[in-house]
């Protein structure tokens, strides 16, 4: 089983995700092609036209406007540097385009708060984020509340249909899957699947990444538990029941599975995104030793989408950011951070993924049973949690 | 967030225990009281010691690394400046608003005092979470007056001034009632002073300990306020503390020690001042 | 005479803008529906499982930390003021109480995690040196009782600050008079001490209750929404994480306001009664 085989399997897995979007892929591609043909008229478009169009804007125009108009600044929220290797992407913006990303490190920037940040600054006061990195349900909210503009980057067609909004109002960037992240210093037997978590030896050990009513990451953990316990992508209740059971048996701890708690062992088994867990593993460098296990009986894939704020103060920088994260370099940075880039399938078949990078992800066997969800299903799950999750 | 220190339980610097008359047998401290003292001391000291220990020891022996870590972080200075900025705005705004008002009420409208008390007590009834909900509905751009203040410095400063009401008014009002402002005012007026001069050059110097008392308390509150800053997305020091705390346990402990030191310094100063303040009489009812 | 109002006008305007108007909007919102028609229907949210549970937990933790804080705080204050204890205890206790009653929120939560978390200093010390495993005894900091323990850290000092002037007002002469009439210690307390002290102690306990009920940051920093409290739920609504109807959120908030108002009102009334005896 060489790396090539692994890549093929992964491709398969991603293809299933793409096919999930249904037959819309072809028709969207055709529509894009037609639109592209239609827009290449002879006269160069004015700045105003470029900004109000749905892109893509040629890179050299973006590069020059970003300095001349936006003064080389981008205001961002919700992109912690240690999340899916945003550090390299932030550095890349600086190095390649001389754009300084003014990143507000309020760690509580759940997707909902990112939307709130855009909303509450409609008057243009305070910190106005130009872009956002949100879960798809919040992406839908942002579209419904008219907070974002359409922008289709140069690599739009490579993104699987289910991960983007058809008119360009949000675009999937990367995704990960729910995994058990285990601190082997405080947990001797690494659990292999959901059923194992009920064992008494894991008393006070199991945690998720915050409150599922608040954070997509935590919501997906509960939902993945649902998959493993008789639930489905349409029914999250068994997951809530599962965690209630863990609470009453004492195995569950409300302590958040953040980096600090994983490191000290305050949380022994954290259930959250695989790319975070793998990132922690590297960062701790053996102190403590972290194992990442993707539970075969239930794991959901969660993707995050990029949005461009309608009220962006730096509209060129916002679009440049969009182009950069969806470019080969940007997508490979996500991969370096252990997240699956949205364009993985297309890039792999075009041979744009370095073999060593591809080898760093866990073997694609583990991703066999991963499921995707639609924004509608996510909204439904969110409501169910709001009504039934009692912390 | 704690409430009601200065206002309801004002300084107890004055007044000592009563001393037993000579010849009266000196009783011993009952056992439960002794236990309370010991347990109390342990309960309060141990978390502090544990935090200090955690900030100095990352598992590799004694080190100041955790402190060096945040002292080198640009965001630390950024958030401290932001918090200091708001603290300054709040203190100045609060004093400018409350001092002349309290003076005026004491001088000319003593019957208005219950209203003042009521208004300044309201922040106790409306804890910061509710205040944030209320402010969002009023000034989030969708209220009856469609101005969006949420996200502006004005809103947070305004909210913080409101939170400081009970303490600032309590301190200043107590101070004013302990001095004879009528005589002072008349005397100054007879010498030809106008209202502004009276306030700033006659009353304020006498009121200084009370004002500083209220100011320090408000300062401490603003430096530690988390709810409003977090819900309205302002990047202040407590937000920074929480953020670091989620990533590095020892830096969090170091920042906690730092935060506690700030509180300690502020309130320690108040205690020192109140001991010397003229007429810091305990007030039992309001 | 009307001109005198100018003096208080800036203050009143400010209070209206940043406190009065917002509060009124919330209260009105609780009693109106989406079309601004008066209704009591919003309060049905209080029966929703999640919300009811939050109220129960909030009330419970406020009660527990208020009682605990009141008892320990009273004992500490009394012990410090007792003639038999050293003179230096009182100023230290009062100073520390002043600081500690304000040391709440995020740093307090982290301090306790450092101490009593599963990998906290004290936990490990007890485990390794004294072979006492808190965890096996069923203790977890991230539970209701853990949070109550943390709340005590600012509740007890608040009680101390409230009680010191009151206990100081308990005149020594009363004790001497009752002793000279032949009463025992128990009789003194039963017939003199407790009747006088009950109102202020009760008042202070109510204040402690309100203090805990409105608290947000400490619980949030400790466990996010892991301990289901009303303040956390409202916070989630403000941040846009939970979608209640705005009017329903107003109803929840009004419920909280009612409880807080009750506490402060009764506190004021009882304090007034106290001042009859204790000047």
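Each chain gets a letter, A, B and C, in the order it is written, and its residues are counted from 1.
Assume a contact is a pair of C-beta atoms (placed from the backbone, for glycine too) under 8 Å apart; a residue touches a chain by one contact, two chains touch by 3 or more.
Being a predicted model, the structure only gives us computed values, none of them experimental.
Q: Going by the contact definition up top, give me the pair of chains with the most C-beta pairs touching.
A: Highest contact count among chain pairs: B-C.
Q: So which chain is farthest from chain B, going by the mean of the CA atoms in each chain?
A: A
Q: How far is the middle of chain A from the middle of chain B, if each middle is the mean of its Cα atoms, in Å?
A: Whole-Å distance between the two chain centres: 42.
Q: Counting only Cα atoms for the centres, state how far chain B is from chain C in Å.
A: Each chain reduced to its C-alpha mean, chain B and chain C end up 17 Å apart.
Q: Do you know which chain A residues sit against two or more other chains?
A: 108, 113, 116, 119, 256, 264, 266
Q: Residues of chain B that contact two or more other chains, please.
A: 136, 230, 242, 245, 249, 252 - these are the residues of chain B that touch more than one other chain.
Q: Please list all residues of chain C that touch 2 or more other chains.
A: If we look for residues of chain C contacting two or more partner chains, we find 113, 239.
Q: In their shared complex, at which residues does chain C touch chain B?
A: Residue list for chain C touching chain B: 4, 7-8, 10-12, 14-15, 17-19, 21-23, 25-26, 29, 72, 75-76, 78-85, 87, 89-90, 94-96, 98-108, 110-116, 120-122, 152-154, 156, 158, 161-162, 164-166, 168-169, 171-172, 176, 207, 210-211, 213-217, 220-221, 231, 234-235, 237-239, 246, 249-250, 253, 256-257, 260-261, 264, 267-268, 271-272, 274-275, 278-279.
Q: If we count contacts the way the header does, which residues on chain A are in touch with chain B in the complex?
A: 77, 82, 104-109, 113, 116-117, 119-123, 125-127, 256, 258-261, 263-264, 266
Q: Can you tell me which positions in chain B touch chain C when the two form their complex?
A: Against chain C, chain B makes touches at 1-5, 8-10, 12, 15-20, 24, 26-29, 32-34, 36-37, 39-40, 43-44, 46-51, 53-54, 97-98, 100-101, 104-105, 108-109, 112, 116, 119, 121-139, 143-144, 158-159, 161-162, 165, 217, 220-221, 224-227, 230-231, 238, 241-242, 245, 249, 252-253, 255-256, 259-260, 263-264, 267-268, 270-271, 282, 284-286.
Q: Which residues of chain B touch chain A in their complex?
A: Per the stated touch rule, the residues are 75, 136, 140-141, 147-153, 230, 232-235, 239-240, 242-243, 245-249, 252.
Q: Help me check something: in the complex, which residues belonging to chain C touch chain A?
A: Touch residues, chain C against chain A: 48-50, 53-54, 113, 117-119, 135, 138, 140-143, 222-228, 232, 236, 239-244.
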